[in-house]
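Here the chain labels run A, B and C in written order, and each chain numbers its own residues starting at 1.
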């Protein structure tokens, strides 16, 4: 059986590169924030799969902390955009 | 004081789940257990006013918070699958009719409004945009407003969900 | 053998829905409809790829009795929960901030929030 995890990670990395198009084009700042949020989600998903491929639990711990930190940074950017900061 | 104890046990539980399988004393080693108790005491002393801000301890009943996994695996997951098939259809065909509508609900507690807003965001082609703090009404961006719905000033919450009555489940859990 | 097919099906579902989310991010006309695509489809796809990882770690634990794989599965489950929970809240925050900063939904049949004057 061919290991199906390598092509999945490859597709996820290509999708991250496609998100950069919206990050470059986006007419408003909100579109760019959405693109960054999508990049963070896809990065967490690919980190979890890479942790299984290399048999390293530390990758998944890094993924958890990455998800929580990106949540906090998105909340602060949203507060700045809404004029509450 | 009750808020302090609840915060202590919640943070200790999260620490023990994250470090399970580290030793031979049960599942944990002795040093991990000691570090977990000390860190949970510090966390509870710092953050005791943030967890139970409304001084409302109904969620400490185990029957209520054991219903939350049942809710997520059962009716919520069915609605999520249906919503994702709907979004996939709209991405491919671009047949959209967006608009912001106003939805009223009977839920009064903070946790109930929070769970309803998150369920609406993840399920039926809608995202929550804003909340009226006084009347607990939600302003919702719907990707496909039904025919005639744009004329009504207020829509009831259970009309949004078609397969399962999620507001009744949330009322059973959080009210 | 059954576990392998379950893993392949879960990974296929996850990758397909992630692709649909990114295509929606590139295709839809305004901010709120783009947020529909990214929030729902990307969260669903990432949760399914993580479920594939959990199933594979359980099957590895069945064949080799090594507690490292159970630790890996539990941590992956926590990562999936954190992902699903934080995505919903952050999309709500972005939508509220965008509406406050003056970005209105451009093709819209009705806008009750603007009529309420907030």
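Here is the rule we go by: a contact is a pair of C-beta atoms (placed from the backbone, for glycine too) under 8 Å apart; a residue touches a chain by one contact, two chains touch by 3 or more.
Everything quoted here is computed from the prediction, not taken from an experiment.
When each chain is reduced to the mean of its CA atoms, the one lying nearest the mean of all protein CA atoms is C.
Chain centres computed from CA atoms place B at the largest separation from subunit C.
Note on chain placement: the centre of subunit A and the centre of subunit C lie 10 Å apart, centres being C-alpha means. Rounded to whole angstrom, the centroid-to-centroid distance between subunit B and subunit C, based on C-alpha atoms, equals 15 Å.
Measuring from the averaged C-alpha position of subunit A to that of subunit B gives a distance of 22 Å.
Contact of a single residue of subunit C with at least two other chains is seen at positions 35, 43, 68, 71, 75, 78, 89, 91, 96.
Across the assembly, subunit A contributes residues 61 that each touch 2 or more other chains. Along subunit B, residues 18 each make contact with two or more other chains. For subunit A in complex with subunit C, the touching residues are 1, 4-5, 8, 11-12, 15, 18-19, 21-22, 28-31, 33-35, 37-38, 41-42, 44-45, 48-49, 51-52, 55, 57, 60-61, 63-64, 67-68, 70-71, 74-75, 78-83. If you check the complex, the residues on subunit B that touch subunit C are 17-18, 20-21, 80, 83-84, 87-88, 90-92, 94, 96-102, 117-118, 121-122, 125, 127-130, 132, 139, 141, 143, 145, 150, 153. Listed in rising order, the residues of subunit C touching subunit A in the complex are 4, 7-8, 11, 14-15, 18-19, 21-22, 25-26, 31, 34-35, 38, 42-43, 45-46, 49-50, 53, 56-57, 68, 71-72, 75-76, 78-79, 82-83, 86-87, 89-91, 93-94, 96-98, 100-101, 103.
Of all the residues in subunit C, the ones that touch subunit B in their complex are 17, 20, 23-24, 27-28, 30, 32-33, 35-37, 39-41, 43-44, 67-68, 70-71, 74-75, 78, 84-85, 88-89, 91-92, 95-96, 99, 105, 107-114, 116, 118.
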